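Two complexes are shown next, each including subunit A; its partner changes from subunit B in the first to subunit C in the second.
Up next is the complex of A and B:
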């Protein structure tokens, strides 16, 4: 019950934010929502299936470059088309990559996904005639729901229509993911995570379910990537670099991979903390490295873990 | 034609010699501690910067230029002691945990080290101008090869033999192989695993930092050099087989030579071809060419 109240309050606050907060903070919410979608997908693998991908930046890259390619090389401006094509391409790439990766678990799964991510990164970097090389590609302003909004000033566009569009995508994506993890399919994934042998003997095809989870999570990451492009205005290969994949895992762990909303909290904390740190010193990696080390050693449940543990102890006392 | 080919091959072997050192560090740690140390690239970068500083100090103190390799190698080895700090300060807390968390902890070290290097040495590249060619160049089948490259290749070979000797001919090597094979049994036989892990991790770190120090006369130290090299070292150990020393040697040669050839023939393929081989090996022979062999 309290969970729902908190969720409603948070949702209202996010919806009212453009009216209350300065544009600077509103614009910071855009990468939060983009990463939020991507991390919901990543956590289907990490938290629910027990597979840690070190190559999900590959799918962020696919989504972001799909949008960039469409706006610079074709006349397509519609964000809906970009999102749908990102999902299709992300899922198609994941169908292939996943078929090869899901046969392995743990460190080998991580390494294979990392290798595929770096393969795509090198492709983006070296084939500059298609991808723009290390300078990347521009992302022109997409139209929303058939409305071309080119006349609007940039900040108004991003803090207004684009903000609510991203929020709508995040809400739909979160709702769909909620249904997925609470379906029998989601239960199967958790069984596979906890005891693959038992899952197999219960008649669950472990590799096939892992493959489904991989493809879904990649489609989410591609949507996140497509949302990430327009606010930056330019996509470049570092989006697909392995440290970006690592940062995504960091965000998930920071928020709490054991909880549905943990990754969202992690993305939020990461982006706003990074911004705060960078306004003082340029050394955000040092701070986040220390935070990651702390989380891994002391609080593997992440921020969400702190809340739930406190709630549990409060309940025990009562 | 031959001159060109020899140039390419010698460049590739030089790169392979450096790659071998870093990958060997990755392998000893993985073999014994079962931790895939993403930070070995960061140690490589650390060794490079410390090497630059040591050589500049040496030149400033008026040491004879021909001996610059002595302070360089010493600095590279000594800064390897930072491995003790990382192992005692961080890694020892997660030995009983899932290997994913161990991997993430080494990623935390990668992040921290990158900024520590920026804070200490700044963001602009650092190099040891002029020392590269102190030993002159030699002609080899018509190609001109810096003698320094040959020195590093020889040093790397000596170290490879030294590790082989350590692993197969010494008491500590036997303990290392035993712990790689069966940790509980080794511990039950009275081996203090804490000290083994500390020594092994320090050895792995020192190999990385030494690799970084030795590469520095030939190139400039940059803060991103670590995260770039770790993916190459990763390719080496996957191709050679995780935990295998012979694998590291063969893998380093494969990656070093292929990169050198690709750069001169079709630059777009440079790393692409290496990742394709990595993926092929992971799919066809997940244990690598020499996987399953003792550490």
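Up next is the complex of A and C:
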């Protein structure tokens, strides 16, 4: 019950933010929402299926480049088309990559996903005629729900219609993921995370379910990637670089992979922390490394774990 | 065991080599409808290999295993479970972070083939909910259904492992040391729950691998003794007890089994506390309708 109240308050706060906060902070929310969608997907794999992917930037890259390619090489400007095509391409790529990766677990799975991510990174870097090489590609301003908004000043567009559009996508994605993790399918994934041998003995095909989870999580990452492009205005291969995959894992750990909303909190904390730390010292990676170590050692449940643990102890006392 | 009943599971001339080492050498056995069969043997006799072959986890080097007339060599645990053969494990296998009821729900979801329902509500699936609860009640786990499995005492973990296999409503179940790692006091209660549940869910046969001879002689219709990869004897309990070779090589000369020496006031040879007496003509699982 309290969870629902908190969720409603947070959702209202996010919805009201453009009216209250300065544009700078409003714009910082855009990558939060894009990563939020991607991390909901990543955590289906990480938190619910027990597989840590170090290559999900591959699918972020596919989503982001799909949008860039459509706006620069074709007449398509509709964000809906960009998102749908991203989902299709991300899922198609994941169907192939996943078929090879899900037979392995733990570090082998992680390394294989990393390898495929780097393969795609190299492709983006070298096939510059299609991808623009290391300079990347521009993303022209997409139209939203059939409305071309080219006349608007950029900040107004991003902090206004685009902000609410991203928020709507995040809410829909979260709702769909909530249904997925609370479905019979979600339960099967959790059995696989906990004990694949036992799951198999109960008639649950472990590799098949891992593959489903992989494809779904990639589709989510591709949507996140497609949302990430327009605010930057330009996509480049670093989006698909392995450190970017690492950041996604870090965000998930920071927020807490054991909880549904943990990764969202992680993305939020990561982005605002990065912004603050970068404005103070240039060595933000150093600080982040320390934070990661601290989280893993002191709060393995992430930020969300701190809240829930407090709630559990309060319940036990009562 | 007078009239021949339909064979459920049939193994013919199974051989399994691991490199040069021959773990099983020409093992044949048949499990018929209504039987409770125990497989015994000293360590290294090939029991684990036999289980792995019978459950399709490993393919035999030669020979074949047929379940309901279908070849199952190496088809894998998941496919076999869907065919109707379930198993429990010697080292207890549970889902540590799932609750008792979630574990049973997972088995029911698998049985009903609903695992691919992506957006359906698990909490709203009454069929899954009630079937899982029924199994929990059958195994006396209903009061602990919301406890995470990892917090259960060892005996309950063992029961949950078996209960989740029962929730698949299998035709045949293979229990790999169902009472190992459990206190002597709990052993009988586990077996009683198990046999009672078998009647209720309409199980057609039980195979168990067990070291505790009280359990073996107390519940089996037939005992298969393995020794060095071969079948040493395959007979009802009273004939096994009379077989000096089996007693020497497998059971040992002590009055009862190797596992629970002094703690049994009533050693088995008297045959007094046996729920399924070999002289009793009705099959132990035969009470079920159909």
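Quick note on the criterion: the second predicted complex is superposed on the first by the 318 of 318 C-alpha atoms of A that agree within 3 Å, B and C clash if a C-alpha of one lies under 4 Å from a C-alpha of the other, contacts with A are read in each partner's own complex, and residues count from 1 in each chain.
Operating definition for what follows: contacts are C-beta pairs under 8 Å (C-beta built on N, C-alpha and C of every residue); 3 or more make two chains touch, one makes a residue touch a chain.
Given the structure is predicted, the values throughout are model-derived calculations rather than measurements.
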*Should the superposition on subunit A be reported as showing a clash between subunit B and subunit C, or a fit?*
fit
*Does the superposition put A:297 against subunit B (first), subunit C (second), both, or neither?*
first
*asked:* Looking at A:122 after the superposition, I want to know if it touches subunit B, subunit C, both of them or none. Which is it: first, second, both, neither?
replied: first
*Which holds for A:249: it touches subunit B only (first), subunit C only (second), both, or neither?*
first
*Should A:81 be classified as contacting the first partner (subunit B), the second (subunit C), both, or neither?*
neither
*asked:* Just to be sure I read the superposition right, which of the two partners does A:206 touch: subunit B = first, subunit C = second, or both, or neither?
replied: second
*With subunit A at the apex, figure out the C-alpha centre angle toward subunit B and subunit C and round it to a multiple of 10 degrees.*
80
*In the superposed arrangement, does A:152 touch subunit B (first), subunit C (second), both or neither?*
neither
_Residue contacts with subunit A in the superposition, subunit B compared against subunit C_ = B
_I'd like to know which partner A:184 touches here: subunit B for first, subunit C for second, both or neither._
second
_Per the contact definition in the header, classify A:197: touching subunit B only (first), subunit C only (second), both, or neither._
second
*Once the two complexes are aligned on their shared chain, state how close subunit B comes to subunit C by Cα atoms, in whole Å.*
15
*Intersection of subunit A interface sets (partners subunit B, subunit C)*: none
_subunit A-facing residues of subunit C, complex_ = 76-79, 81-82, 86-87, 89, 93-98, 102-103, 105-107, 109-111, 114-123, 125, 128, 161, 164-165, 168
_Residue numbers of subunit A touching subunit B in their complex, please._
52, 54, 100, 104, 106-108, 110-112, 114-116, 118-119, 122-123, 126-127, 242-243, 246, 249-250, 253, 282-286, 288-290, 292-293, 296-297, 300
_List of subunit B residues in touch with subunit A within their complex_ = 36, 38, 90, 93-94, 97-101, 103-105, 107-116, 118-119, 227, 231, 234-235, 238, 267-272, 275-276, 278-279, 282-283, 286
*asked:* So in the complex, the part of subunit A that touches subunit C is made up of which residues?
replied: 176, 179-180, 182-188, 190-191, 193-195, 197-206, 209, 212
